[in-house]
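Some structures to go through are shown next.
In what comes next, subunit A is part of two complexes: it sits with subunit B in the first one and with subunit C in the second one.
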Partner chain A sequence: MVIYDDIMYWLVFIFAESHPYSDWIRGILGGLVIGAVFGGALVMVYLERKFLGDIQSRIGPNRVGGRYGVLQLIADAIKLFTKEDIIPANADKWLFIGAPIVALTSGFLMVAVLPFDYLLINGSYYAVNVTRMDISILYLEAVSGLAVFAIFMAGWGSGSKYSMLGGFRNIAKMIGYEIPLGVSIISVAIMAQSLDIVEIVEAQDFLWNIMIHPLAFIVFGICLVADVGRIPFDQTESEEEIIAGWATEYSGMRWGLAFFAEYLHAVVGSFMVALIFLGGWNGLPIVGNLYIPGIFWLIIKTIMVIMFFIWTRGALPRYRIDQVVDLGWKCLLPLSLLCLVWSTIIGLVFG
Partner chain B sequence: MTHENTQITSPPSPSEILLHLGPQHPLQPGPFLLDLKIEGETIREAELKIGYIHKGMEKVFEDRTYIQIMPLTDRICYLASNANNDVYCRAVEELLGIEPTPRAKYLRVITNELNRIQSHLLGIGEYTTDVGFLTMFIYMVRERESIVSLLEAITGSRLNHNYARFGGVANDLPPNYKSMALKTLGEVGKLVKSHDEMMSSDSIYLKRTKGVGVLTDKVASELGVAGPPLRATGVEYDLRRIEPYLVYDDLDFKVITQQDGDVFSRVKVRLLEIQESIYIIEQCLDQMPSGPYKQHVTPYITRPKVGEVYTRIEDPRGELAMYLVSDGSNKPYRFRIRGPAFATAQALPPLLIGTYMADVAAIAASMDSCTSEVDR
Partner chain C sequence: MVLKNYLLTLRNVYTKSVTRLYPEEIMELPDAFRGQQHLDMDKCVGCGICSQVCPNNVIEIVKSGKWYPQFDNGHCLFCGLCIDFCPNGALSMTKHFELCSWDRQGTIYRPEQLSVPNKAELEGRTGGYTK
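After this line comes the complex of A and B, so read on.
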């Protein structure tokens, strides 16, 4: 683990000392982080196919790249790249082309503020992230909302009734879940007395937020599943009702990008759960004096959240769209307000 | 809610969309066109148009000799091929004035009930994908595979069995069939029971299915709907009980009914009927007499006397009937099939009005209509 510390030391030192090459290094770090999250999304796709296969008594990919099909994703990517790129005659061309780009951009923008570790260097603490913001939680919320526009762009721009229904459903769903999502985050931020995600994680060094705010965790988790649009909240692309929803007219790599953006959102969302509720890089005290880097804890927790996502997909049927909106307004919103009251009380008594 | 007012007559208003669901759509078991006039997500009017897969089977049958028709009846609906064989075979037997041997009767009941189980399993499986429950689909298909293997062991094929013969069946049970069948059926029964519990205890599933697409017993009877959709409305109508054919009057079984007539009840009836069919097969395997499995002499050319016959049977989907007119030649003069799926399909559009888009999938799949049989 000495090498890890050295690398982090070097990176963060250059940041902190406003080195002349600081911007370059920051760019390289950004590239690395984007690559890492990109890889994470790929790992999630692979894990999902294997783990869901296990749930559904199938094998999953098992041909390309040996017994475990590890190269299946590369084969799929080659297939998607070489497929004909079709833009329907009815489509609004620029919206149609722009939608996957916006979706992917919003995913990558979210990565910018994700902290991966917190290091003590020369007597002061530095977070390992591309950009440190005072309002990083609000930024994450705002940027993740862009994906909703991407889906509506795709739905409207495709010029197909099925796509449009998918887009409409996404807007209706978004209105239902974005408010409880925001309120549940705010109730956590109140406890940490900061909107900075690094400080929220640091406030959990003794007790994780899942223990103090179990209700907020549940509300946030449900809303996040709705946010990334996975079963039971995948009404926007439910194939039995509206073919593929907003993605009906997409083919080839555009389709690949749009779906990759969904997985990217799922991975970043899992990071957010791990950071905000599961203590981030704070390890379990049972390990004792053994030094384990914080990023290791963070990745373990993120994979656990991802596994939970995959499990829900295997275990649950899909809600109807009006039931999602009902759930959002009539159940999750009051619950999230209750979280707000709870954290205010805790803050007043212990804070 | 009658059948007449389910035609789309006026063009959609500015707040409405006319959506063509079909002829090719992931929801559908086969091609048909469901025109929906929707406002937002709510369905205002629905119209079903069929005929995309019309094969002209009845006319084709009139140009074939009686024994040539037998393998073609499989193709009326591949999920009920054994029931189709059986009803055709009984019609011709009635014209010829012969009876199947006692052992053949039991063999036909066994294959019929196995056929019912596999049809119900696939029907429920397709339906669960339509409510977004992909895992359950794969479980159901996995269970169906073992049932299809049991059928294959008897008939020699997995899908189109062509098993019944005039006065008997094509071949006898393979050796050690009873122990194999009892083991497999026991396992499938247990698994289906656990799947039933899993589905009935899932709150999302209950929300999607309870009180959705309610078919009343009056409308169902008027439209000629039979089978699980009718029994789900509380009507105890089962040809195996009302008009016992083969050896059903010697067997002990319950007619499964549910009271609500909604999507949940229709699927529940099928799930419980699987258990009941397993019980019937177990009895048949115990009671089956030894003896010949087909008539000693089967005429090479079948020439029934002049006359007509109407036979019906409890198909997995409802009441399947065949009407044959013989003019004394080796080909039927007139052939008519009364399929259960046709009646089920015409009950579908009125159920859709006022529901949501997502319910279309659930309701249509819970009726378990087979497009191939609707169009014939």
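After this line comes the complex of A and C, so read on.
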């Protein structure tokens, strides 16, 4: 724990004191964080396959890398890398190539403002993140919205009717879900009186937002699952109806990138849930005087959210696209407005 | 409905999985399972009825000392007619089913091979065997 603190102090010292090589080190740290989130997405894929296996009464990966199939992902990656890279003849080539890149970029841009810890150094607090913005939560939402464009690029650029349908479905779904997502985030931001995600987490020092504002948590959770495009909201790539939706024409590592962007998005989304609603790096009082670094709490919470996502995938069937759009407009939007009312009441009474 | 789904799937996590790790763990086979044939050379009289009733012409009567049936399991359909028609009960079926081989000669079983316990039986891999 002491080593962790030393490293973090050193990093934050460099950030705070405008060190001559500050930009370089910031860049390297950003790369490291991206690598860590990449690794997190890998872990999520493995967890998903194993836990989903348990849920469906089967074993899951069990051959490559010993009894528990730890290296199965590496085998899959080798397979993807060595597959033929096919670009369909009537595809819009640049859109086709660009779509997975835009999708990954959206995930990486989200990582830029995620805070991982909050440290007291020389009497003032510093957040451990790559960039600190005062509107970081709006920024998160905005760049997460870029993924919609990526999917539509893929859908349009593939020159295939299934891809096109997937892209249209995604647009139809996301218009309905970005609004409640935004409103539920805003209702939390109203309670914290800040759009800075660091200050929102700091405001949960005593009571987490999930306790004060469970409705916003539910609305945000459902919208996030839809945003990430996982079951039960993966109508954009429902294989029974439209082959693989927007990913139909992709093969090899291009498909791998698009797939990975989705998981990256899911991991960053889980971080967002942990930060905004589950108190981020604020620990539980049960550990007493034992010092546990904030990043540890954050990762534990994130893994719990990820597990819940996977559980949801195992538990729920895929809804029809019209049911999903109905749910978004007729149910979640009024509920999110109710969230706004609730946080205003809280603000008036206790603020 | 949604909550019920969650509970149901959570219960599945703690139940034993219905799939098996096949090569390590073989499912329990029924006693009537039709696997590789077994020949009791003491009872066999070499009458050749098995060869006559075989629908796929798997069985050839060959001479090794006396006359005995030789099986080409490459095109055996494991119907069990040879066993049913054997007048002396010399033929029976085992639970051994891993009969792949690298060439066509490997699927032909001489009477001497059929009369002794095969390798899989000695290793205990004849079904009904679980880890």
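Here is the rule we go by: the second predicted complex is superposed on the first by the 351 of 351 C-alpha atoms of A that agree within 3 Å, B and C clash if a C-alpha of one lies under 4 Å from a C-alpha of the other, contacts with A are read in each partner's own complex, and residues count from 1 in each chain.
Definition applied: a residue touches a chain if its C-beta (ideal position, glycine included) is under 8 Å from a C-beta of that chain, and two chains touch if they have at least 3 such contacts.
Everything quoted here is computed from the prediction, not taken from an experiment.
Trainee: Looking at subunit A, does subunit B or subunit C touch a larger number of its residues?
Mentor: Touching more of subunit A: B.
Trainee: With the two structures laid over each other on chain A, which partner does A:Phe38 touch: subunit B (first), subunit C (second), both, or neither?
Mentor: Neither subunit B nor subunit C is touched by A:Phe38.
Trainee: Is A:Asp234 touching anything from subunit B or subunit C once the two structures are fitted on A? First, second, both or neither.
Mentor: So A:Asp234 only meets subunit B here.
Trainee: Quick check for you: in the superposed arrangement, does A:Leu165 touch first (subunit B), second (subunit C), both or neither?
Mentor: first
Trainee: Check the residue A:Trp246 against both partner chains and state whether it touches subunit B (first), subunit C (second), both, or neither.
Mentor: After superposition on chain A, A:Trp246 lies in contact with neither partner.
Trainee: Figure out whether A:Ile55 sits in contact with subunit B (first) or subunit C (second), or with both, or with neither.
Mentor: So A:Ile55 meets both subunit B and subunit C here.
Trainee: Looking at the overlay, does A:Leu316 come into contact with subunit B only (first), subunit C only (second), both, or neither?
Mentor: both
Trainee: Looking at A:Tyr263 after the superposition, I want to know if it touches subunit B, subunit C, both of them or none. Which is it: first, second, both, neither?
Mentor: neither
Trainee: On subunit A, what residues does subunit B touch that subunit C touches as well?
Mentor: Residues 55-58, 314-316 of subunit A touch both subunit B and subunit C.
Trainee: Along subunit A, where are the residues that touch subunit C in the complex?
Mentor: 51, 53-59, 62, 311-312, 314-316
Trainee: Could you please specify the touching residues of subunit B with respect to subunit A in the complex?
Mentor: 17, 19, 25-27, 40-41, 128-136, 138-139, 142, 202, 204-205, 207-208, 356-361, 365
Trainee: Write out the stretch or stretches of subunit C touching subunit A in their complex.
Mentor: Per the stated touch rule, the residues are 2, 5-6, 8-10, 12-13, 15-19, 21.
Trainee: Name, in rising order, each residue of subunit A that touches subunit B in their complex.
Mentor: 55-58, 161-162, 165, 168-169, 231-232, 234-235, 238-243, 314-323
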